[in-house]
Structure formats: C-alpha cells, structure tokens
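Below are two complexes that have chain A in common, paired first with chain B and then with chain C.
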Partner chain A sequence: MKYAALIFLLMFFVACEDEVAVPVPEIDPDAELAGTGALSDAALEALEGVYEVVDGQSLLGREAVVKRTGRTVSIFTDRDAGYCVLSSGEADSSILFAGYWRKQTGTETGVFRAQIGAERGGRGLLRGQRSAAGGTIILGDFGNATGKGTRPIQLVYRRPLYSGESPFLIVAHRAGGRNSDQLPASENSAELVRLAEGFGANGVEIDVQLSADGVPVIYHDADMNLRLNEKSGLVGSVSDYTIAQLESFVRLKNGERIPTLKRMLATILRQTTLRFVWLDSKASVPVAMLREIQRSYEDSARILGRDLTIVIGLPDQAKVEELLRMPDYRSALVLCETDLESVRRTDAEIWAPRWTLGTQNEAVAEVQAEGRRVITWTLDQAEYIQQFIRDGRFNGILSNYPSLVAYYYYVQ
Partner chain B sequence: MKAPAFIFLALLLAAGPAHLHARPSRVEDPDRPRGSSLVLTLGIGYARYVMPYDAPFAIDRNGVVASGRLLWHPDHRLRFGVESGWTRFYTYELRGVETTFGATDASLSLSAVPLLAVFSMQIHDAITLFAGAGGYFVRSHATSFGTTVDVTRFSQGWMAAISWDYPLTEGVGVGTELKWYGATEFGDGVLALQLRVPLAVSGW
Partner chain C sequence: MQPMLRHMFLLTALLLNASFLAAQEAAPAIYYPAPRAAWSTDVSIGLRVLTVPRAIAEEEINKAPAVDVQIAMGLPWQFAVDGRMVLQYVTNHFRAGLRWTYRFGPLSAGIGDDAAFWFGFFDFEGFDNSMSGWINYPNLSLGWDFGDVRLTARGEAIYLMSQRSLAGENEVSSTKNRIAGGALTLVLEQPFWHDTHALLGVRLAWTKFHYQSWFAFSTFDRRLLFSELLFGLLL
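Now for the complex of A and B:
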C-alpha cells in the first residue's frame, strides 16, 4: 500500500490540467466580403424572419431565426443553443454573409458562408421589400473551425419574426454570458458586451463593484479568482485595490482589463445598439454613486438619440433601504429583485423575480397593470425558456443563452 | 487538486493499520520501551514554484521556504500534528505597464503561510511520508505607480512530503525533506527541498 501511495503521488505531479478554449474560427469577414457594400437598415430588417432549414439541419435544426443584431446578422436555433454570427455585404444585387457558427452547449464551432442571390430574393431585400413565404432562399455552406469539411446550407423564408405588443427584453447575463461557456471574450468585459447583440441580446446585465479608490468597476465575484481572471498574484477582492493597481496587474480570462463602469457604459452607448442595461449593484458600491453615473449616461444617450434604459439593480433589502434613504430616490430607474412591497416602495421600473418562483402570471399582471415591467432571471435551460415564453407574461428574460431566448421568442 | 490530497491521505490511513505497532519513532531509541513523544521539526530550504503561469513576462519561480511542524509520535507509526511556516511562491517585475493612467513599473511578490493538519507515517527506518490538509494565508505584496498594497486571503490547500532522517542523539536528528505545498484556490504550489532538524521536545 505504501508503494501505491508513492505511485499516486508521482502520478499527481506529472498530471496536468488543460483548460478548454473555443476560439472563434479563423475567418476574416472583412476580407471575405471585400468589395461588397454595406446593407441598408431597410435591407437588414427585410431579411429578418423565421426560415425553414432545408439543408444543414445538423447545425440549425428544422427552423431557424434570422435576425439583424446590431451591426451583424445572426441565425438562432434551438439545436444545442446554436447560433451563427455573420457579417454581411451586397454585390451585384446579391447579399453575402461570412462568419462563424457555435453550439454553445458544447465546444463545436466553425465557419459559415452564405448568400442570397439576386433572383432568390436578394434584389427585393436590397430594396427593403420583405419577401413572401418561399421568396427568399439563403444558400451556403458551413465547416469546422479550420474551414474544412463543408456541408451545404439552404434556408427558405417562411414567416416574419414574432413581435409582441411591447419590445421583449433579451438580457444577456454578465455582459453576454459566462466564462464557463468559452465565449470569445471574458464575462463582464467591454469586449464581450460588443458581441452580446450577435448572441441575440438586446440588453445586458453587468456586475458593479467598487475599487479601493472609489471607482465602480465591473467584476462578478466577491474575491478575484481564476474562474474570472488570469493568474496575476493579486489575492482579495477588487475593493482591496485601486483601479490603477487593477489595471497594472489584472487581466480577465481572455486577457482583457477589468472595465470601469463608465468605460462599459460608453462602449454600450457608442459601439452597440443595445437598449437596456441592468447594473447589478454589489454591496460595496453606493446606490447614490450609481444614480449619478446613470443620470450622466442617460443624458449622453439622449444627446446621441439612443434608446437606452439603464436601471440600477436592487438585489436585496439592504440596497432597497439604501435607495430609500436618498432624497430623490424616485428619480432613479431601479430594478427590484425582492418582494412586491419593495417594488412599490421604491417605485421600481422593473420587478425581477428569480425564475424558480415560476411564471407567477397573476402577480406579473398586477405589477404590469401598475405600469411596471417584469423580467425573470436567470433562465438557462431550453425547456424552461420555451415554457416561460409560452406560458408566462414577462417583459424580458435574463439568460446566459440569449440566443435560445431569441429563438423561442421570435418563432412564436 | 483537493481530491488527490484526500485520496493520498486515505491511502496513508489505509496503509496504517497493518503497521501501526511495527516500529518505534525514528528519533527515539529503538530499544527503549515504546511511548509517546512530541517532535518539533524545523526546516529551511529552497522552493520552486512549479505551477503553470501563462503570461507574456517571466516570473521568478525561486524562493525560500521555512517550516515548523509539531507532531505527536504515539506508540505506533501513524502520527499527527500541525505545520506552519512561510514560503514564497513567486515574484515578478514589470517595466512600463500601459494603463489608462499612463505607464508604470510594477512589481509583485506572492507568499504564503501554511496552516495544516498533518498526518505522517514512517515507511522505512529513516523514511517518513507526510500528508496534510488545511490552508494557506496567501499574501500579495504589489507595487505600482509608487504605491504598495498588501492583501492576505485564506486559501484551502494541502501538502505532501517525504523525509529522510539521521539520528544525531536520542532526541535530535538531521535530515532532508522533499515537500509539496499547494494552495488550491489560486492554483499556486511549490516543490521544496529542505534541510530538517527533528527535535523530541517531550516524551512520556
């Protein structure tokens, strides 16, 4: 037995742990689409719809959602939480796409190229005309991460996307998703928030903490750790260090800096078309400070003509009471995660109950009748997303899989 | 990394019963009637940070380790006690780090104070295995923009070691020890080679 112990010890020292990485496939959409012109807003909106998948069901299932997502066009499917993020361009009355696909429940990814020929609906779309069922056909192929093993894609337009009475909020958790899903950028980074729309989100939730010198920064966990950042030698929380020290030493999992709240909001405002931001305020950050920043960026959004709502999240009773101590608390747009009484006391714009409490249709309707919206969190399982969209009355869903929420919402 | 530590410990414990009464403690006189003693072992040596560190700069992986271990040596070979000490994990210096506040020189030193419950078993006349679980008070000492900050956090961790001893007198020995210190929370660990001095501080 003693020798077994020695052998085991030896095995431990020679063993190593490989982290899984899913890099975006090597495709350069700008090069692939060189010489094409940018699509107009009207054309991008006209090509949106629910498409039947004729070829490529192994990637996209039987039905796929094609949606303009900010500066990109995305395709969403319920198969393995899959999505494609595509750049687009027009040439000779055809529309060309190049980008990548990813199955978020695993590590599969690859390149995706397609086009809508002039006579297959391209010409009409470029004029901003939505086609009738069967009038638009997307043809192309998809391959693995190195571009090899291409398989055909054929999508046929069937119907427009579902659109409810009011815009539905698809809110991406931690600025786009979690590190555990091996996204191309780190969670809660400015780099990820630029990608969030491509994943189907029209809003993001970000986690705000305070650095030692009082600068609000975006970081989720109480203490810095290897799940969120590269090894740096700094232990403790972001609140133990000044922003200058954090910038000097810490890089997030994919090499990015920990962003300040102001940098994050500026990125959202100027580099995305996201229209909703949920500031999840951690204990260290004063609500009054968030209110000042919220006010400043609301003003900036107004000047830029941007439709952007920034809400301050109140995750617990302590934050509720902190808000209520502010003399002008009613002027702040807040999202309250606690009980209905607190929602009314704070005059919250949004009530955000956790999804495990169920659809709560009666309570949701009651709150909506008061002019408030209701967003449930954090809903990640496909069957529950489908069920909550089908049976619930929510105004939005917070998820690590915004592509799944987008799919189930738009195919209704 | 927690699981291997506990499995290793379990193997030691599993190996124990067959030999519990086999041999007396090493620093005791083998001919003396068996009894209990408290043995303090002091060690100092070289520590090498052996965990991966992916960065575009080099870290200094060499350091010093010092430790003190107090073990109860009962009348059988499975012993237990506590261990503490100090070890440096690594240091690094950076020149001209770009930040939004301008460029700065930066330096960092990461060290740890272990606090571990240790089990040990003599597997040969002079050779003893050790395994311990507990944690480390890991300390960052970081300087940038001319300002230094020290922050300490507790991390779960473990240790494993193998030692060889030579008795000098009835209560004093000298030997060497190859030791692993691992702080699991931050993925840090050193492999250390120490000179050790076991001292029987009391016996009954």
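Now for the complex of A and C:
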C-alpha cells in the first residue's frame, strides 16, 4: 500500500471545489443612456413581440422574444438559455438599448447595445403603436464582457407574443435562480429578486427558515454551508442563531445579508412588478406565523394597488397537518405539493406536482375544473420545458431558467 | 426492468465463471496494460464511490456507491478485451472495448476504445423517470511495473453518442454526438491478503455529463469535476 498516500492526496486535492462567479459585464446603462428620456408604458408594451434574428444568430438563434420586464426590456432565446437584460431610453424619436447578455447554461456574458431608429419603427412605437410584421427593426451589436469583439445584431419584428386565456406564471426558483448558475446576485437574496423580472419571471419562489429568536429568514438549506454563504465561522442550523447574529456574521455568496421574510416581501412589493410569491415553508417555520405575514402583505399590496398573490407552500404531509390544525386555515392561500387528497382537504389554491411525474394532463384538468391552478416544479431542461408548455395544461412553471420558460411560452 | 435485471445477473455469473476457467500465468491485473496471454482472463469485483459535484447535488446526498465488476481477457497479437459493469439499481452501466498493448521493460502502454450502454430508472418519491444512453470512451493507458505493485494511468475521452429520457408519459430523445469531457484514472494493482490481489484507484472525470448523476437532470453546459474512488478484489 505504499502508493496509497499518493491516491489519497489526490482525493484531498479534488475535494476542494468552488464556483466562480460570472461578473456582469463592464457597462453602465445609465451612462450609456444619459440624456435620453424614459419610455412610456405604452411604448414598452408596443415593442414586445417575436422577432426574426437576421444578424446575431450565434447569440440569439433564429427567433427571439422581446419582452418588457418591469422597467427593463429583455430578449429571450432558446440558444444556451440565453437572455439580454436591457435598459432603454428615447431620443430624437429613436429608442436606445444598453445592457448585457448571458448564456445561462455556461458562463459566457457580454455587453449589448442596440437601437430602433425613428424610421425603422421607433417613431410609431413611441406613440404606442404596434408595428406590422417587418415594421420594427432593432439594429445594434454585442461583444464580450469588456465590450470588445463586437458582432452585429439585427432583429425584425414578426408577430405579437402569445397570450393564453389566463396569465401564465413563470416562477423563478429561489428568488431568481441557483448559485450554481453563477448569477449576478446570490440565490434567495433581496438583490436577486430585483433582477428576477429581467430573467423573464413574473413570480418567485423563496425558502423560509426560522431564526433562533423566531424571525423568518430566507435561506434554502437547513444548515449553513459554503454553497450558500461566505466563510463566517458559524456552523450548524440557521435556527441555532438569532437574527442579529445572522445579519452580523453571515454574508451570502455574493456578499449580501440574509434577508428576513418581511424585507424580501417589502422589496418584492415596492421594487418589482412581480405578481406571485411562493413561500416555501421549511420545517422550522410555523405555518401560522407565515399566515400572519401573508395577511399583512396582502393588505399592503391592496393599499398600494398591486396585483400580488402570496401563497404558503406546503411541501410535505407534516406541513399539511400543521395547516389543518389552524382554526381559520381556509382563509389562507396555500400551495400544496403533495397528493390530490391533501389539495382538497386544505382547499389549496394551487397544486404543485414535481415535474418528474410528467404532464399528468387528466389530473391537472380535474384539479383545474375545481377552480384551482396547477404549477409544476422545478423544470429546467430546455427540451422538457418546451414539451410541457406545448403538451401540458399547467398554469405555470417553476424554473431556475425563467428565460427559457418565457421564450417557449411566448413564441407559441 | 425485470428482464434487464435478469440479464445483468446472468452476465455477472458468466464473468465470475470465466475467472475460474482462466489460466493465470502472471499476477492478475485489469488496468495494467501489459500484453497478456491469449484467452487468459482476470476479473475484479468491488465498489466504486462517485462524489457528485455540489453544483449538481446541492444539499442532497452527493456520494453514489456502486458495485463494480470488471473483466480483462487476452487475445492474440497483443490485443485484449475489457468489460465492465457498474451496478447501482437506479443506474447501471455496461461497457466493453478492445485495446492493443505493448511492453518495454517495466513500462507498458495500451490504446483502445470502449463503448458503453447505460440506463437508469426512478419511480418513487415524486419521480417517475428513466434515462438511457450510449457513450464512447477512446482511451490510452500507461503502466509501470514496480514488481509487486503496478501503477496505471488511463486517460479517456467521454463522447456522448445519444441519450433518451422519460418523465411520466413525456419522452425526450436527443442525439448528442459530442465530447462531454475526459477522465484520468490512476490505479494500483498489488498483493492484498495472502494470495489475493486488489486494485485501488481514483478516477477524475472533468465532464459536462456523468451518467450516475442523470437523475439530477443537470442543465450545465460546463465541465464539472466528478471524482470516484475505486476498490476491487482481483479474483
């Protein structure tokens, strides 16, 4: 066994693995668009559509979706789960865009600049007039992360985005995506939830744990670990530490604080136009406590005139039984991940089966006939996203790749 | 899947039987790429434990142990055939290939190509999935004979030929035909206990896809490190 040491040394070496963040490219949209005016809501909505990609197919494939996403404009493609997140402005009857692109299945990213000239559809769009096919042309270029190696972009408007009978929920997992996808902000952070709409989401799922002093906080795993946060010296369960300790000593992977549930909901309410929040209740957090917070933020949304639905997720039978022990459980909007019997017993607003069970069209139709919605989770594979949207009957999809869900939904 | 399990059992029995029939002229070896006598056969039975990268496994269990049965048989003109079964119930991998070997002093070298079929299935706890695929492994080996101990380094490319998956009633097929990555295996083959021999090794795969992590349905189009610890008894 004299060479065993060599092998074990190698094993120790390979045990050290870490993710490298993908930095957002060196572009300042505010500086790029200095001197331009903000686009009206009507103009932002008028430029939405499915565009043919004439130049730039290496980035955007043959067809791309242009969609207003909150105050940004995004472009979605099926190529490498790619997307562009762009700021916009108007000047001299033209529309200008500046921002970044990212291929989410890999680590490629870069800068993106484009415009719609006044005579290429810009003037009409600024009046809120949708163009006919071929009437809007987006011209620009994209380069690498430092803006070099630029290649041309030309997109030509072809048709409006698909719109079903009822709004389709594109729910971003963990407030926008996983750390392993190397996004600009950490999973389950307030910083990421502000970016989620740019990725194509109109809803988010967040994971709720309880601190030692009874404050609900957003963190995925039960135990603190280096997948989710920087080295802090704290070990063990999140629930072993008070909120003061968590806020003082723990920084998420990209340096953010662990948000409390209230801070996260306030961010969603006031700094986004997201319309759906799924509170994934982890074992430590009482459902009754989530119900109180849900009620409070439903009231706030109503006062602000915000269309925002907050649902309490019941991931297992223990949480189902916990809800049923509450005297007023029927007043809570809940999402049940378990079987259909539990969906009916809890009078859940939403049934959320795991995607690996397939489209289950008969069961989905049965539940929808009872006035409930069905969202499947967590669907990330491009081929299956396309298939589930085409062949399934779901009211929404939870994904780490909301841009892909948006692409396949809107190009229908 | 019952017929498949029956076939796996039969193949295992055949491999075991072959080991007893084989005439052993030298210390047994599976990896060491020295030319072996025609029709001489060595078999190893053991375990391999895969560590799935955190990016895929997250907080779930990231160690995947599997039974590992390997066979090497000499052919005329310094050729040899290799066979390997990695069995784990939810994921199973069958691999066979041909290699040509050459010895110069204590050093030996081999060049070969293996083809593998794998399949996995999961039907519980909210899963109703199966997946299968074909993989090609062109490989090069270099071995050093220290006397009792033989050290072998084997490098191989991982070429995905096709894959097919099923979620519930939904089926997706995709022909990848692309290089997913490569792997380096370092193995020691040496005396173990009394007259027995053993192999101990590590395989480091730098790849976009590893069949044993299929049920995670990874979406990453980037290479991650999958390490495996190998242990086998040479029969």
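In the analysis below, the second predicted complex is superposed on the first by the 393 of 412 C-alpha atoms of A that agree within 3 Å, B and C clash if a C-alpha of one lies under 4 Å from a C-alpha of the other, contacts with A are read in each partner's own complex, and residues count from 1 in each chain.
Going forward, a contact is a pair of C-beta atoms (placed from the backbone, for glycine too) under 8 Å apart; a residue touches a chain by one contact, two chains touch by 3 or more.
Because the structure is a prediction, the values reported are computed rather than measured.
Look at A:391: by the touch rule set out above, it reaches chain C but stays clear of chain B. Of the two partner chains placed around the shared chain by superposition, chain C is the only one that A:353 touches, whereas chain B remains out of contact.
Shared-chain residue A:249: touches chain B; no touch with chain C.
Once chain A of one complex is fitted onto chain A of the other, the partner contacts of A:235 are limited to chain B, with no touch recorded for chain C.
Touching more residues of chain A than its counterpart among chain B and chain C is C. Within the superposed three-chain model, A:383 lies in touch with chain C and out of touch with chain B [touch as defined at top]. By the document's definition of touching, neither partner reaches A:34: not chain B, not chain C. With both structures placed on the common chain, the touch criterion links A:225 to chain B and to chain C.
For the contact definition in use here, the residues of chain A common to its chain B contact set and its chain C contact set are 1-2, 4, 6, 223, 225.
Across the interface of their complex, chain A is touched by residues 51, 53-56, 58-59, 122, 126-129, 149, 151, 167-170, 172, 174, 186, 188, 190, 200-202, 204, 217, 219-222, 224-225, 227, 229 of chain C.
Within the complex formed with chain C, the chain A residues making contact are 1-4, 6-7, 10-11, 14-15, 17, 19, 80-81, 103, 105-107, 178, 180, 220-223, 225, 227, 353-360, 380-384, 387-388, 391, 400-401. Contact residues of chain A toward chain B in the complex are 1-2, 4-6, 8-9, 12-13, 16, 212, 223, 225-226, 230-236, 240-245, 247-249. Across the interface of their complex, chain A is touched by residues 4, 7-8, 11-12, 14-15, 18, 52-55, 89-90, 92, 94, 97, 99-101, 104, 106, 108-110, 121, 123, 129, 138-140, 142, 144-145, 147, 149, 151-153, 155, 160, 162, 180, 185-187, 191 of chain B.
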